[in-house]
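In the two complexes that follow, chain A is the common piece, with chain B as its partner first and chain C second.
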Partner chain A sequence: MIALRVTKRDVMPRKKEYAVRVLAVVLSIVFAGVIMLFFGLDPFEIFKSLVVGSVGTQMRIKQTLIKAIPLCIASLGISVAFRMKFWNIGAEGQITLGAAAATFVALNLGQTTPKPVMLLVMAMAAIVAGGLWAFIPAIFKAKLGTNETIFTLMLNYIAIKFVMYLQYGPWIDPAAQGFPKIAMFSENAILPNVFGLHIGWIIALVLVIVVHVFISKTKKGYEISVVGQSVETARYAGMNISNIIITAMLLSGGMCGLVGMIQASAIEKSLVYSIANNYGFTAIITAWLARLNSAAILLVCIVFAMLIQGGAYIQIAMNVPSSVSSIVQGTILFFVLGSEFFLQYKIGRVPQLQKEVA
Partner chain B sequence: MEKTTAIEMMGISKSFGPIQANKDVYLDVSQGEVHAILGENGAGKSTLMNMLSGIYTPDSGMIRLYGEPVRFSSPKDAIRRGIGMIYQHFNLVDVMTATENILIGQPVGFMLRTKSLSHKIRELSDRYGLDIDPDKCVCDMSVGEKQTLEILKVLYRGARILIMDEPTAVLTPQEIKKLFRIIRNMKQQGCAVVIITHKLNEVMEISDRVTVLRKGSSIGTVNTMDVDIPNLIEMMVGKKVDLQITKKSIDADRRQVLLEMDEVTVLDSEGKKALSEVSFELRKYEILGVAGVANSGQKELCESIAGLIRPDKGRIFFEGDNLVGKTPRDIIQLGIRMGFIPEDRLGMGLVGSMDIVSNIILKDYQNQPGLLIQKEECTEKAKKIVRELDIQTPSIYTSVQQLSGGNIQKVLLGREIDSSPKVLITAYAVRGLDIGASYKIYDMLNEQKEKGVGVLFVGEDLDVLMDLCDRILVLCHGEVTGIVDPSGVTKEEIGLLMTGRRKEVEVNAQ
Partner chain C sequence: MKKIFALVLILALALGSFAACGGGEEQPEVTEPELTVGFIFIGPINDGGYTQAHYEGAVRMKEHFEGKVDFKYIENVNDSDTQASLTAGQNLLDQGCDVIVGASFGFMEALDQLANSGDYDDKYFLHFSGYMANETNFDNFFGSIDEARYLAGMVAGSMTESNKLGYVGAMPYTEVMIGINAYTLGAQSVNPDVEVSVVYIGSWGDPEKELAAAEQLLAEGCDIITQHSDSTGPQLAAQDAGAYAIGYNLANPAAPNAYLTAPIWHHDAYYIYAVENILAGTFKPESYYGTMATGYIALAPMSDLVPAEVQQLVEAKKAEMVAGTFAPFSGYIENADGTVLCEEGQSLDRGQIWAIGQLVKGAK
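So, the complex of A and B:
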């Protein structure tokens, strides 16, 4: 019998580390291909269509980027909380409530409000709403030590059901003749386009830089990293831990809230209860795959947006369910997370036992 | 007396990645012999013993037991062959009795045959002079008793070769005496005992032969009778070292009171008293030692001064201010610095994944103006600390967790000292350090004292405490059982205080 033994590795050189990660992605694609073969699909054809469907024409590139924007901003928000080892999986709810707050402003501030004022107030409202929604689990964690994972997860459903109630009840558009929808925004509440794409892409790029600087160059960012690494050490250094948790979550939730505003204003031009459209959950995956690194988040989110967009395309063009694309997403996640194991441990063969001369 | 060889390890090598933990090590231990393995931290003592007890397998080399080559693939194999290992951290179930603990993991029938077991335990106890009540619950036992129980456990499993990893680290002098008596009994019964240690006095007292390891290799094996302590140190370190702690006494009139604890009581999470009406004064120009067996309230004492826990009763005065109720931040600003070295070294005080600069900045960044963190100044500071304390690191941008234990400690202590504190609290400052580094740290503390700093030194090694400190405060179960002048007491007397016997008249050191 060959016995295998797992031993801890020393720190790996950077180059090798990247090689392992790239290999993991390649393997995941090969593996996904094998699954497709198993279902009688042609993997080469499908991968080609995924690419063609996501970046094949200018229109498709635009659609891909439109999906990358919310994913990227939400991932950045999540990465701030994750850096503190605060498992904020409530982005979905924070996005939804951010959208609701922005909508409230859009519907009530009046059509004569100048566009910049209107958009700024909407953004502020969304950031505050998302931040507050994240503040609730944060304060409970800081003061009572509650588990943030369950807490943030459950708040998602409350937020979504609340907006559903608004959509079917108090905010229903009387002009829609009983159809449960909220009124469309007036022109002054819609984000402008820059180079043919709504301005969200600029916001996303700016935030990539802002979050990077915040984490690596500011005192608060430093504190967040220290708390994430060792709460005891932070305590010894005289940091106010509750304060840090709450600040980080306000930022994290605020960014997710802003996603809600962008989606409501630029995409739906109204509010629907499904406004978050799973971006809040997918962003957890992208933030994690990017190892919470801002620049990497940008890249990973574009790739994932391609998969989402390409998945929609193969469904229509090839009559292949878009779940195939989800399978690819899943295998990438599986392989990349799995590669973490090989980065930290190595597997060797146990030397064979000599026969004891007994 | 004719002695048969119990263990032979020949040309043993073992590496973990690029680190060679053991290189071509030779060791032989006879029956009826107490054999000490001596070496500095990181010399490969524990790795070697872990190979003997089946936790690791050697990369090359051969192990022979009573002349037969063996190869263990798990600790079970080693136990089956009569090798028992006793670790520093006991593996006992607190809520069970001694007998039950011995039974755990043993192949027994459905019913516990306690009677025959009790018989066997008694027999073993008598033979080796182990003083254990089989029905006593582990949670009621002292550290010494727990260790005795661990010994009994491995003997019950049939061990004839005992390996003990730093067995005296947690014991009082009295308990150490008792342990040595047990070890001598085992020796007389023909057992082979291997002791891993870095305490030289103990090596001289108990062992028959010593094998010295240095940087993973065996330097040599000598008869204890033929050597003295300086010889052993030279073998360990590879060069002659001057091991003198020079204690300068400063005039009494300059030694004003700096910090005063006034009947401080701290309750732990279960409402038990972790500190009970602790009162003492810490003066300028002095090192006040804190002695006591592990977990006697040392941590609570340090943390309540640093503001990390709030005393339930009592006051702490620093330059006329009551510290109780102040935040840790405020207390740091007042010039009270603490370096607590926990067992894992990184748990408190340092962030393992961050580089040296980011760790140096940990307590200073809040004083910087503005929102951004300025690293330039700290980069200089980090370079200075690395240079002055001779920290072995590829660069100041190396993450702290990649450094060796001693170097990690230097980073921590260097940071605290660099802030020119008024009060310096160090707990277990030399834990896990090699001899040279330890003395470097003692020198640093003495320097601080001569500058007028009041140093609170929580220590483990009584010899060191007596050499280094001007006064020693002894804690037992959270109570101060005495504050003594080390020149006026013996180690045994301090040992008695550590076990709770209060000193009638306190020797007041001035």
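So, the complex of A and C:
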């Protein structure tokens, strides 16, 4: 029997690294094409339509950017936690609760509240709610060492089911005759547009810079990176690890909560339990692909938003079942993420020597 | 950073080269349709029920106009999510649709926003089952499905042995309650002892939940299952339990050993009517309400499992409905809480029917 083992690679030469990435992208396109042929579809036409459908007209570019905004901010939030090697899989729930908190404010603060005040209070509430939802697993990890991956993942479902409960129960719009929907926001709770696109794009750009500066230029940011590299080193250096974990998660969850507020206010103009729309999960992928680098996150998120918007386009233009466009997206992800594994690890035989020693 | 840029560049180039290859193909000459209708569907077009009924209506509409009208559609759009509905509508408009049909209640807000945005004043928006409209380009359409529900109830009331009928309901919303009430009244008209039990699944359709709800009703002793939900799940559950089933939306005997009949929609009746008006420039919002008499509503042909005398009874009542001498919500009707829904000698009008907020006596 051949025993295989996975070991971490030394630094790979630049050229080879590019080669692996190029190969992954080419393979993903070829494989996606084969899948399309299998469904009796013309892959050339589909790839062309993916691009045309995501950036072909002004309206499509706008649709693409609208999807890039939540993806980008959530990825930034996730990247802060991931830098610390705290695997925050809970963005989806943090977004959902952020949206719920913002909605609570929007529905209860009154229609006469001045717009800037209303929006600021909504944003604050969302940041606090998202932050608190991230604080729970953070404090358990910091104090008891619980596994944050499972913890944050499960909290997603609690948040989503909680909002579903609100939508079907206490917050149901009485004017909707029993249809389970929450009332629409009044005008003063809706984010304004800047150059035809809701102001979330400016927030996203500002946060890209803020997160970059925070991580690379501040003491707290540096400490987060150190904890991520080695908890022992951090402890040796006299850092308060619990404190660092909690701060980072409050920031991470807070940004995700803000995504919820933006989506509820600018896009949905109300709250639904599906408000997070998978952005919280997709953002994990985009953050990871961008190697947690803020500027790279911006680019990767735009490319991903193109895939989402282009996927919607081909569904209508070519009568492609929605499941096929999901399969194509999944195939591309599989290869691109798979290449990341081969960039960082290598697979080899288990040296015989070890056996003898044992 | 550089790496990612390279990645993006490569992806773009690869896609670009594919695009270049694809561009060279020759397109066969086709006549351009005068009008394209875009449909927003809540489910997949082959769901065996609700969405399929709309889709088949669209196909018949296209056939009717012989190349003058084409349609596009988008499936699986979450109807409780305005964001998703709005995007679907915009994508359809972007791809050249002149008319948008929102085929689920929850698409209402999105259609309202699009119709009144000022960007699409030359487009038309038609919404199934809602109540919003404007003066020029946004209308709703529905029909008196309660007539067909009543007839289906007569079939069930005649054939039940346990006197317990099961009803898989979407959610406790007026439209659903109207159907439950009509079905109950129809069943009671032939069998005063009959009771209707309802289980709500909390969405318009979810095959798994529909199946589970039907199984629960069967376990409680119901021997005929009907549904206000989108899939064939309840039919299949009834067949597995050796019970009967009455479908909905589409004449689709998915469970041939259980299927009796179904209240159905002929959506093409409205689609053709509306598109003709749009083409002729005579479209005007009117809150269209089709009936059994206009052919928009029907009871699907009853299967061989329904005894001949029951079929005759039902056909006779149907003739009365078409002739306008009978309406389901007429005569003395008591609500479950003891209040009176309809007085002796009275017949509820459309507005009164759509104000129904609870179930009638005998349904729970």
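Quick note on the criterion: the second predicted complex is superposed on the first by the 320 of 358 C-alpha atoms of A that agree within 3 Å, B and C clash if a C-alpha of one lies under 4 Å from a C-alpha of the other, contacts with A are read in each partner's own complex, and residues count from 1 in each chain.
Operating definition for what follows: contacts are C-beta pairs under 8 Å (C-beta built on N, C-alpha and C of every residue); 3 or more make two chains touch, one makes a residue touch a chain.
Note that this is a predicted model, so its numbers are computed, not measured.
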**Request:** Between chain B and chain C, point out the one touching more chain A residues.
**Result:** C
**Message:** Let me test your reading of the model: by the given contact rule, A:Glu340 touches which partner, first (chain B), second (chain C), both or neither?
**Reply:** neither
**Message:** After the superposition on A, what does A:Lys48 contact: first (chain B), second (chain C), both or neither?
**Reply:** second
**Asked** Just chain B (first), just chain C (second), both, or neither: which does A:Arg235 touch?
**Response** first
**Asked** Just chain B (first), just chain C (second), both, or neither: which does A:Lys181 touch?
**Response** second
**Item:** chain A partner contacts - residues on chain B that touch it in the complex
**Value:** 16-19, 57, 59, 68-71, 73, 306-308, 327-329, 331-332, 338, 340, 346-354, 358, 361-363, 365-366, 368, 371-373, 402
**Prompt:** Across the complex, what residues on chain C touch chain A?
**Reply:** 1, 3-8, 10-12, 14-16, 18-19, 21-23, 25, 38, 44, 72-76, 78, 80-84, 87-88, 90-92, 94-95, 105-106, 109, 171-174, 176-177, 202, 357
**Request:** Please give the residue numbers of chain A that touch chain C in the complex, ascending.
**Result:** 17-18, 21-22, 25-26, 29, 42-45, 47-48, 50-52, 57, 59-60, 63, 167-168, 176-181, 184, 263, 267-270, 272-275, 277, 289-291, 293, 295-296, 299-300, 303, 312-313, 315-317, 319, 321-322, 336
**Request:** Mind listing the chain A positions that touch chain B in their complex?
**Result:** 3, 7-11, 217-222, 225-226, 229-230, 232-233, 235-240, 350-351, 353-354, 356-358
